[in-house]
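Please find the structures below.
One chain, subunit A, links the two complexes that follow: it is found with subunit B in the first and with subunit C in the second.
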Partner chain A sequence: MNSLKPMRFIGAILFTAIPCTAILGLTFVAGFTATVSAQDEPLVGPKPHVVVKPMESHIGNITGHAADAKSDYRRYCAGCHGEYGDANGENAVWLDPKPRDFTTATFKCRSTLTGTLPTDQDLFNSIGRGFANSNMPIWNVFTKQQRANLVAYIKIFSPRWEHEKAGEPIKIPAEPPVTIESISHGQALFAKLECWKCHGTHGEGDGPSASTLTDSKDNPIRPYNFASGGKDARFKCGSTNEDIYKIFMTGVDGTPMPSFADVIQPNEAWDLVHFLRTLQVNRHGKENEVLMAAHGVIPPYVDRTPAPAAAPPDNKTPGGGQ
Partner chain B sequence: MRTNQMLLAFLTLLVCSSMMCPSLMFAGTVSGKVTYTGTPAHQKPIDMSKEPSCAKQHATPISTETVVTGANNALDNVVVYVSSGATDEGQVPTQAITYTQKGCQYIPHVLPMHVNQEFDILNDDQTSHNIHPLPKVNTEWNKSQPPGTPPIKEKYDKPEFIEVKCNIHPWMHGWFVVLKTSHYDLSKDGGDFKLPNLPPGKYTITAWHEKYGTQTADVTITGNETKDVNFTFKATAY
Partner chain C sequence: MRMWAQSHLCQKPQRITSVLAAALALTCVILGASQSASALPAFARKYGLRCSACHESWPMLNYFGQKFKDNGYQLMNDRDAPIWQNPGYWPVTFRITPIWHRVSTNKVQVDGSAGPGGNEAKITSSGFDLSGLDFHTGGTLEKNFSFYVLPSSDATASFHFETVMARLDNISGSPWFNVKLGKFELDNLLSEKRILTLTANGGIYQLYHFIPLNDHNIFGQMGDNQLGLEVMGHSYSDRTRYSISLLSSNDGQVGLPYGSESYSTFITGSQAFDAGKLGVDRLGFYVMAGVAPTSWLTNMGAPIGGSGTQNKGYSREGFVGQFYFGHRVDLTVVTQHGEDSAWFGQGYGDFVDYTTALCPNANPTGPCNNVAGTTLPAGSRSPTWNGVLLEPHYVVSPQMILLARYETIRMSQQSTPGTASNLGNITTYTFGYRYNPFMTSRAGFAYHGEYNWFHQDGTSPVTATNLTSSELLFGIDFDF
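Showing the complex of A and B:
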């Protein structure tokens, strides 16, 4: 009888232990399930496809529709700018400067003030013109309608386009004639506004700060070298004198180039444009002709604006003394 | 009927005033100290030799300000603010706040402000600066400010921690901290901060440091009292 006791004891333990373990196990499973479902499970997997919002663009009498640009964007733009417009296309890693990230809605070439959205015309021009010194080609294979559609398409990537209007284009006064005085004043401005800190004293893009410059995404970036290029050297945002005027008055957003709209008067701005043209030493143009006629020497700038009339001596100043 | 209405109006007034009074009369304060443990990153002296007009303003070269510490492990330049429970959202202060460029340095290094509050950017230097804040949520702009030009007036319409750079002087680095409240303070002079005028209520206080991230604490203010809240950040050498 005694020998049976241990068996009974083990039996009793098993009898109680098995259901307990089962209950514990069930509790554990239930607890585990509860914990998992309580968490915010991230949606893993490939990124969902882009939703093409019904954005529009207006270029003169052409209306562009985002939906009509879907296949063009996929075929011609997504390779660099990415399907999601986030500059993560498969070629992007090989490019310098990097493609534009449309999700930030920050654009380099605008006719509008810094911090504002560009006009549809600005974006339309950018596609047709391409970007000099970058991998963005001149897209003159597109019809105007295709370009207008693409302008509408890139608006789907940032919510800014839904609740913000494009900025007002800056007012550009008529260009005065190129004279050696105008060039001389431009040179004084170039020195005073410290353009040379980045662009260099001869405009060769080798100023003291040049090597440290980064764009807004921390990628290294070079200031424009005016002396590079031949007789038809292009600027990033167009090659006319008016385009140069716009570059420094609106700034090149997303890059270290600031806006000078608050510090340069419209008439002064043209003088700076004329001087900048002389830094393009290989360019054939009116500015270099004027400089040649002056034997290649820019005279020092003399401020000829009439000084404000001196205030009459005030004898009645309190405590003015004898 | 008319008497009843009068009585009801009187009672409503009584109840309302008894409820409103504590929040008007009592104003609690949260104060404390921000400290760190561990070894903070060594701040390197700045070489301003490329900008002599700024270099000569500093008898000894100044250091970077990413981590500014004081005696007894105090941590300065931490923005301490009410991140939840504040009732002043949308009440934009009208007083002017300024961000000054002096000696090729931003003063203050961190500028906290209310959403939509106007602030002035000044250039006290003899050199041009470009002010280039790098927001991700707000709009990015970049403006030149040569010496002697008027202040640049700006504001931000969304809360965000915005890094500020001058591209011409790459060592210049600061922050705009745009908040939905005016209950904020910057820890200074030994890590001290103070958030006065808090009506009774439950608050979450957040402390933000540009390198060491954020910390939060919950506080309940019941009346005219001062609650001590201290924050300790774990400093890393890199």
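Showing the complex of A and C:
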């Protein structure tokens, strides 16, 4: 019984290569040319070339390079976000909500103040976390290096990244204990800040303004329904209390959700977080435990803040100036 | 079932002799090929993702696709339930491959030729051909309730159910507990149902179907879909995963055609590692072990299906490694050590389609039947073997992949003493490319070219010398 002969092996390769070349050349070249052109070059309009600028990202001790992400971007991202990052991938028309337009460099989930660019870490987290209630998957199968490279890659689509620096991450104070008082205060803020107008009185995303909302590209957009989802319900920008806190204080850029950083104090923001958690009726968390201990009733908020010292009679301002 | 037929083609020359003499059996096999791979534009349409998101090159899954599958065909973005789809959405995909191929086998039994090879001749043929047709339908019935049904035909439109399964996902909210019931592909990291190659011998993993010459244990073919119950689980990121399956020992054939109480199990586990710039690499193991019958009640000498008893054991075990070297080059390695009971090695086991006597002490016109008082020939041993599979890929771009495969299987112990130690050894090479001229979420289309060379020691039908075959194939592989 013969063993493998090297010459036979080489012959097999040659035997394959020659007809491969011939048949490819004669049979498929026409198809190749037509279809490659169709794939790589739009049939109408100018073609904005994707130039992979030497953008970088920095995630801890990892440096991401845009050039290394070109293949991954085409494989995983371009179908929705578009080859040119303009949210015009072939699937975009079918998606709701629409994919992010990288050419505007406006990002929903940030740790930075509204209107500023996000940090690399913010974008890195967004890729790995995905976006609940959207078509953006959880890309946590990538290596950290791949994600860092993709963060660098999406910067090539907007000149903002060349001229601006990312904003400073906001400082998040330690979370105070969850109490029925904090939940009550949060409920009062929910009413005072008119969150209910969009999110509805029970947080079900059915407020009177809900049907009128659009994003910055005039696409209809729905406010978050806190009551939806099961025990593992996630918010668009994360699932922790800190993530919710950041949403108030940074806003969700590109949507009607504003930043309340100039309106409420940090401790008030935490109270609002505690209240919003109770709207997630299917979630088992400490907020709902506190609420259950209070027999499911949120008492009316009583402002126990010490009143300011009385002003001299001659300086009294009508209406209190508040 | 295509894989089953091919396996027997390769390892049971005494059975295929008549087929080869009547026609070009390899051609027939590829004619009847039902490439049961699972590239599903229906999923891509549902989620708006390109094929390339889940497939290194469709139908082979990449890591993201594996995670999607492990989540029960869900992205876990709270848009998985059908309620989120347009009511007109219908998750069906069909796949078929028109091809041209040239097939050559060096020793086919023929009448009237008495050359140096005895009544054997080399037959080479070429022409245009078709694969079988697959209708894939799968997805979610509700969040965490998924299904997959795959009616599959040969090239003459004779259908069977290749896959039928329902699955409960994330039981108790945990990704570590998912249950699947029905007929399904085994949880092989390198899945034969997602193989990139199409030729008769290159379109299967020989390692997943190997049966020693004259052995009649068909029940350990890891490449065939099996009937059973699978419990599998994985970490949130799918880095760690396991599965345990309880299977009927019937090689996926419906109707309880074999043993009355014959079961097998298939167990896998793997762990992936973030290898930095190299990518995500994975190491794992698998074990398939079980028992299958060797004794049958008979009616007028013919075995009665479902009456099988006298179970005997078998096992297949090995390691799997998936190694990435950047985003262009990867290598998958699968090893195997296999062992069958000496009873199987002496021809007991499968009786379906059995027409040739192998048992020296049994009914000369029927299958080996381990009835009371039956003894094995003196010195009979459990046949054992070792094998390895290497499959490197070079990803030119998400649209083009170059692939190769080398498989070798070496007998380490023959069942019958004195048998040539290399009898039945297999060596096979495959080279090819797949080019997707476009990438969308609507359909799959690939220009496919492939060459396979197959060699098995001592299995030619007349002279028991080396059998060699080769196949060159070009085709257009598409699904929609």
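The criterion applied here is as follows: the second predicted complex is superposed on the first by the 263 of 322 C-alpha atoms of A that agree within 3 Å, B and C clash if a C-alpha of one lies under 4 Å from a C-alpha of the other, contacts with A are read in each partner's own complex, and residues count from 1 in each chain.
To be clear about the criterion, contacts are C-beta pairs under 8 Å (C-beta built on N, C-alpha and C of every residue); 3 or more make two chains touch, one makes a residue touch a chain.
The structure displayed is predicted, hence computed values, not measured ones.
Asks: Output check: A:254 vs subunit B and subunit C. Expected answer is one of first, second, both, neither. What do you get?
Replies: A:254: touches subunit B, not subunit C.
Asks: With both complexes overlaid on chain A, does A:80 touch subunit B (first), subunit C (second), both or neither?
Replies: second
Asks: A:137 contacts which: subunit B (first), subunit C (second), both, neither?
Replies: A:137: touches subunit C, not subunit B.
Asks: Which partner does A:95 reach: the first (subunit B), the second (subunit C), both, or neither?
Replies: In the superposed model, A:95 contacts subunit C only, not subunit B.
Asks: Between subunit C and subunit B, which one touches more residues of subunit A when both complexes sit on the common chain A?
Replies: Of subunit B and subunit C, C contacts more residues of subunit A.
Asks: Could you say whether A:284 touches subunit B, subunit C, both of them, or neither, answering first, second, both or neither?
Replies: neither
Asks: Starting from the residues of subunit A touching subunit B, keep only those that also touch subunit C in the other complex, and list them.
Replies: none
Asks: Quick check on the complex: what are the subunit B residues that touch subunit A?
Replies: Answer in residue numbers: 50, 127-128, 130-132, 134, 136, 139-146, 149-150, 152, 167-170.
Asks: Report the residues of subunit A in contact with subunit C in the complex, numbered from low to high.
Replies: Those residues of subunit A that touch subunit C are 1-2, 4, 9, 12-13, 15-16, 19-20, 23-24, 27-28, 31-32, 35-36, 38-39, 68, 71-72, 74-76, 78-80, 90-91, 94-95, 130-146, 228-234.
Asks: Inside the complex, what are the residues of subunit C that reach subunit A?
Replies: By the definition above, subunit C touches subunit A via 47-50, 52-53, 63-64, 67, 75-79, 100, 173, 236-238, 274-277, 279-280, 327-328, 395, 397-399, 420, 422, 427, 429, 431, 433, 435, 437-442, 447, 449, 451, 453, 455, 457-458, 465-466, 470, 472, 474.
Asks: Looking at the complex, which residues from subunit A come into contact with subunit B?
Replies: 104, 106, 114-116, 160, 192-194, 197-198, 208-209, 212-214, 216, 251, 253-263
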